[in-house]
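Order of writing sets the chain letters: A, B, C, D and E. Residues in each chain are counted from 1.
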Amino acid sequence: MSWPSRRARTFPHGVHPPEEKQFARDVPIEVVPTPAAVAIPLLQHLGAPCQAVVASRATVALGDVVGRAEAPVSAPVHASIAGVVQRESVATLPNGRHVTTVPIKAAGEQLEGQALYDAHFGGDWPLAGLDEIAPAEIVAAAGEAGLVGMGGAAFPTHVKLAPGPRRPVDTVLVNGCECEPYLTADERLMREAALPVLVGAKLVARAVGAKRIVVGIEANKPEAIAEMRRVAPELGIEVGVVATKYPQGAEKQLVYALLQRIVPGGKLPLDVGVVVSNVATAAALARAVLRGAPLTHRVMTVAGHGVREPKNLLVPIGLRLSEAIEAAGGLTDDAARVIAGGPMMGFSVAYLDAPVTKGTSGLTVLAARDLDAEPERACVRCGRCVDVCPMGLLPTRIALAARYGEWELAGSYHARLCVECGCCAFACPSRLPLVQLIRVAKARLAKMTA
Amino acid sequence: MAVAELELPAAVDDGPTAAERFIAGILPENPTFRQLLGMCPTLAVTAAMKPALTMVAATAFVLISANVMVSLIRHLLKPHLRILVFTLTIATFVTIADRLLAAYLYPMSVALGPYVPLIIVNCIIIARCEVCGSKQGPFTAFADAAGNSLGFLIGLGSVATVREILGMGTWFGLPVLPAVVPRWVIMVMPPGAFIALALLLALVNWYQARPKRRAEV
Amino acid sequence: MTGETMALVGLGSGVMLLLAVVGGAVLGWADRRFFVPVDPRVERINRALPGANCGNCGFVGCGEYAEAVAAGGTALTLCAPGGPAVVGALAAIMGVEAEQTWPYRVIVHCTATTGMRLRRHPYQGEPTCTAANLVTDVQGCIYGCLGLGDCERACTYDAIHVVDGVAVVDYTKCTGCGDCVDACPRGIISRVPFKTDRILAVGCANQDFGNDVKAVCTIGCIGCKACAKLAPSLVMKGNLPVIDYDKYEPGFDFLPAIDKCPAESLVWVGTPSPKDLEALADVEMPVRAEATFDTTVDQTEWRG
Amino acid sequence: MTAEPVRIAPAPALHVAPGPHLTVSDFTARRMMADVLLALLPVAGVAVWIFRWYAVLQIAVCVAAALLAEALFSRLRRRRAPLDDLSAAVTGAILGLSLPWSAPWYVGAIGAFAAIGLGKAAFGGLGQNIFNPAMVGRAFVMVAFAASLAGGAYVRAEAALPILTQATPLSLAKGTAGAVALPGLWPLFLGNVNGSLGETSALACLVGGLYLCWRRSAAWQIPVWTLAGAAAAAVVANLLDPATPLTVLHHLFAGALFFCAFFIATDPVTSPLSPRGRAVFGFGVGVLVVLIRTLSSYPEGVVFAILLMNSVTPLINRGTVPKPFGGAVELPGGAK
Amino acid sequence: MELFANLLLIAVGAALINNFVLSYFVGICPFLGVSRKLDTALGMGLAVTFVITVAGFLSWTLTEFVLRPGAPLANAVWHAVGGPGDADLSVLAYIAYIFVIAASVQFVEMYVKKFFPPLYKSFGVFLPLITTNCAILFACLLIMKEVVGGNWGLAESLTLPIFGGLGFTLAIVLMAGIRVELDLADVPRPLRGAPIALLTAGILALAFLGFTGMGANLKQALTPAAADAPAAVASVEVDR
């Protein structure tokens, strides 16, 4: 069964930033050599931090639990290399979280190179018998493996898969849009490891009891669509092509584009009977359930004019950003801005000792020439931001209210529905930092209601 | 503006002296520019100097008479009735002023039209009765009213000067601008009143803020 | 005077009298019919308050605060602009005995000037602390002052300024209203009772381990606990000493503790005006704003 | 409030900034203003063709005075004069094009100072003004120097160009009820009539305006609804008073309606933000223009209509906050 | 029909052409003071409209029956005491009006305080100010002039205050909308507050000039026969 209509579907508003996928879309995933040390952050997800369970100077093997999740909404972290635990330290993650990390110095036998790649994506993925696995078993495996949403939200997967006695879920959407410019990690994953992705999707559906599974892929990834369509029918999974438009990969927009369901403001896709899962998360779930392997590595893109050899890398969690960049040939002389994630929603970082986390989908390195030299000017109320806002808000009004400290006013313009996708600031002819101002307003409003 | 004054308690203290009241009324607490009181006549009758000055004279007469009168009867006032008494006192003097104007300056009386009776509701007068007249003696009340009248004169005079010179090229009806200079008719019309007062107020605010800014630098 | 004039005057007076009687009767009836009881103290408290409607007390305006005070159960000391004089007046109206207390002032828990902060990076974006606080790596220390002056803009009294990259309080102007405490996104300003002209303060907010502090600041507190051993009102909270100002003894000799500090984290701040120290006829100040050292950059959800 | 741009230092001196880190490359505020100037070219061209040196002089005076005023008022506030954003030039050009050929030079200069000073700088500068600056300036001089700008001022018996000895179409309609022959619709559409510099040719306005809408430098809803509002009001006016010489098409093509619809009403700063608000705004402008033309003593109502609707814009903005995606939607049975 | 045309003229004249605030400058105090928030402005506008209507009715009653030369009630007493000619009590007008206004405002204040406490809380402090609102006395004076002149009956005397009040409401609501907007603008420091509000009012007044002449043209359109009769709209020749 394939997607009923071959016409690309999409959502209202949005923007068309330059796609810039050419940097690494045709570069196969490369395994990064085991680094001398990694630093495992104890908080890589949305929720409570883990408690460290290994003492300094203890020896750990790949996949050993380093931090245990003790709160309901939390996820354990595991050693991503074999080695010796060092004294705890702190690190500021790209998203601004200041967390305790457990450094591990490499020692002993390491799983490396092709063997590591095969452990992740190669080998056999049994298609039969998936329906016999108990949902609880899947949820437990996801919890033990420390699975979190790998598209960036980093919400613990076992919590998402066990929504409790709420409305029944009928559809699982697998998010393969990767609408952020520059990033190609998900595309490579779909092209190289379609089977684990789809098996994982099947497991997600099994866990939540959904009958229908749809993979959503943007039209600008024909090879990925072809590969997924080759494998999907075997598993009864539909592959839906959506228009190439940003932010196609945002949950609510994807749900609308593929299913024409509108997620009410302040609610989750769950409330309309949908669970959305990123392709990388699905692949990791397949590995966790069928191979019992925890989440220790992830695929990330390092691309942009600012790196010498743009690549897609399979990296251990806790790798320093600088080492990931070195693996991609290092920074060029005119590199100006390093962004953890894609350029639309990613966070700029300047201190490159920060560790890679489960949610780091890539590093975009912009050169000076990629950056805009236009100065900020006064808002001329042209309404461009209104035209592009996928949430149908009035970004300029919220931002202006935030600038003048009129928090209630900002709230009355539905500031809290903003998903910070960046369309408004991308389209703004006056180059106002709209998203930043809206985030200020959101933070303030959250504080006021707290 | 007037609200704050109306809410003030009928305090027992003696307050500023007559001289202080007089001086304060002229510039530091200028009714037009500092307290923004009596805006209606400031806008309505300032198209030219003559009606403006007539207005000031009528207002001054009422202000002084009412303030002194209120001061004389201040010990008889009951708090909840005082505003009513003030208003009726003022209304009486306004009627007198109106009749005097009609008798001796008929053209002016016609020109000012309803704005003479509207003196009754001029906030300056109620504010002065409330702040000074109802609390201090007749002499202080007189000084206070006189000072505020002078302040009102400055306010109306400056607005009227700007409007008459720009709008008609005259001052007190005497030509001051050569005929080649174009007349800005807008200045003698309602929008001109608002704009002239707005800019004069801005000028005063700017001047007030100036020394402070210097001290900072 | 002719009879006609007399008659006219009589008629006029009669009309006015009639009006007055009718009006008076209607209003008198309405006064009883529409009577709404009001606590007379509300009016008096309203008069005693400054009427600035600044909202520092946490109520919508002076009027609402007055009602809350009159209703009882609300502290009399919430009016920052009014100061001790207003507290005294309110106490007199409410018939409460005034107690001894101290003027409150703010302290900035960061003293590192620009050159002392490490890992600073050029920042392009909205030039306010609150906005910059949402961007990673503006500077290495995620606790310390960002120096973009949100507190300076929030201050009504021109009493706090960013000097060489760090906020410095001008204690000759500070009234302790606490606007800057609310404005600081990093929560490094606290509001404490000043028991002497100059009191000791911890001039650092970094709660990390010593090595991590050294990596981002040349003068930050490394959490060695030396001062806590030497002065009883200094207690360690995690890796940072905190002064308990309720137990603060003005006469205590803090010099050994200060000498022992390997960083430069114990500083003397303040000089409240003598006027404030004299006019101490107020009850205990219950609102004590503690610095939160709140650095969380992103309270909002993360999405993909 | 403007952030001082941080100079981009060579690597590895990385710098930080809030996301998004990409911006649309071909669309800037400056480009929008440049678009307006570009779109005004055909209008100005027709003006120069009809009014010759009068037009050149008038536009030059207004633009120069507007730039000077912008520089002066910026200096008063001790700020850098933002002349490079071209907004002052646009204000000057529109003001100039809305003046009659016969207005003395000082009218344009004072109008430009009133426009920039009272209309824009006093409210805080670009983007913060409530009223369309050019129209504030135009209304100011229109009332201040009524003699130089009233209908009669357009006509000069001694003028060298024959067209300048004819009364403007709307003055004709106002002056004598039905008795005179109005110009035909073609001359009105092409612009071969007397009038304010920019308003004579509906065709030129249409060409420039379509360019603006195509570039999306102006919101298409505003001109469409302005013309619709004017047409609707004109239909009503014709029904109520069948004897009037002004047919619906006369209302559309005569006077400054096209110029207003495409260049004045579309000023983004003073018009509503949302598409729905823009429709309301445009319709209001159109109706008011015709209302003032038919009922007040002024032959043309564009200036007042724009200012009146500008004053309503904050209320329109408040009333037309768009519904957020999924905001208040109740799902019909979950799935569709 | 003619009455209707007359009323329409008075209504349009009072609300738009000669707007109380923007053309006659009456009611400036609340116009500047209570126009910071939209809902309070609307409340104030409607309160003024209500009070002005009540005052208009009372003033018509007073003028018609007591104060105007030859008023029936005054005359009855006058002739009873044997006075010659007609009684003329118009000298009492100002005092009587202000008394009536003050009393009715106080009545409204007590009424609102008792039955609409939230409304009282939001603009209760401004209710006493309505007493000193020139718009109300101004409307009374206009009505007196026309009633004494024998031009107006009760219908006209009620139309003027109602639409004058609505015109005031329109102006103050527009102003409030603009001022809320200006809270988000970087207005130059010396202009902040009253000056920018006055400037805005000036531009509004400029815009309202667009309605000039509408009365005469409307009258011509409505009553072609009476084209050359003087306009019924009361006009004050101060600033023309």
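The rule is simple: a residue touches a chain if its C-beta (ideal position, glycine included) is under 8 Å from a C-beta of that chain, and two chains touch if they have at least 3 such contacts.
Remember, it's a predicted structure, so these values are computed and weren't measured experimentally.
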> To get from chain B to chain D along touching chains, fewest steps?
Replying inline: 1
> What is the chain whose Cα centroid lies farthest from the Cα centroid of chain C?
Replying inline: D
> Looking at CA centres, what chain is most distant from chain E?
Replying inline: A
> When all chain pairs are ranked by how many C-beta pairs they have in contact, which pair ranks first?
Replying inline: A-D
>> Just the number, please: Cα centre separation of chain D and chain E in whole Å.
In response: 35
> For chain A and chain E, what's the span in angstrom between their mean Cα positions?
Replying inline: 65
>> Can you compute the centre-to-centre distance for chain C and chain E, using the mean CA position of each chain? Integer Å is fine.
In response: 46
>> Could you work out how far the Cα centre of chain B sits from that of chain E, in whole Å?
In response: 22
>> Quick check on chain D: which residues sit in contact with 2+ other chains?
In response: 1, 3, 5, 9, 14-18, 118, 125, 128, 140, 143, 317
> Which positions in chain B touch two or more other chains at once?
Replying inline: 7, 186, 189, 191, 195
> When you check chain E against every other chain, which residues touch at least two of them?
Replying inline: 91-92, 95, 99, 184, 188, 191, 196, 199, 202-203, 206, 209
> Considering the complex alone, what residue numbers of chain D touch chain E?
Replying inline: 1, 76-77, 118-119, 121-125, 128, 130-131, 136, 139-140, 143, 240-241, 288, 292, 294-298, 301, 303-305, 307-308, 310-312, 314-315, 317-318
>> Using the touch definition from the top, list the residues of chain A that touch chain E in their complex.
In response: 400-401, 403-404, 406, 409
>> Help me check something: in the complex, which residues belonging to chain C touch chain D?
In response: 121-127, 131, 134-138
>> Touching residues of chain C toward chain A in the complex: what are they?
In response: 119, 121, 125-126, 128, 130-131, 134-137, 140, 142, 208-209, 211-212, 295-304
> If you look only at chain A, which of its residues touch chain D in the complex?
Replying inline: 12-13, 15, 17-18, 167, 170, 181, 252, 256, 259-265, 267, 272-273, 306, 331-339, 343-350, 352, 364, 366, 368, 370-384, 386, 390-394, 396-397, 403, 412-414, 417, 420, 422, 425-431, 433, 435-436, 439
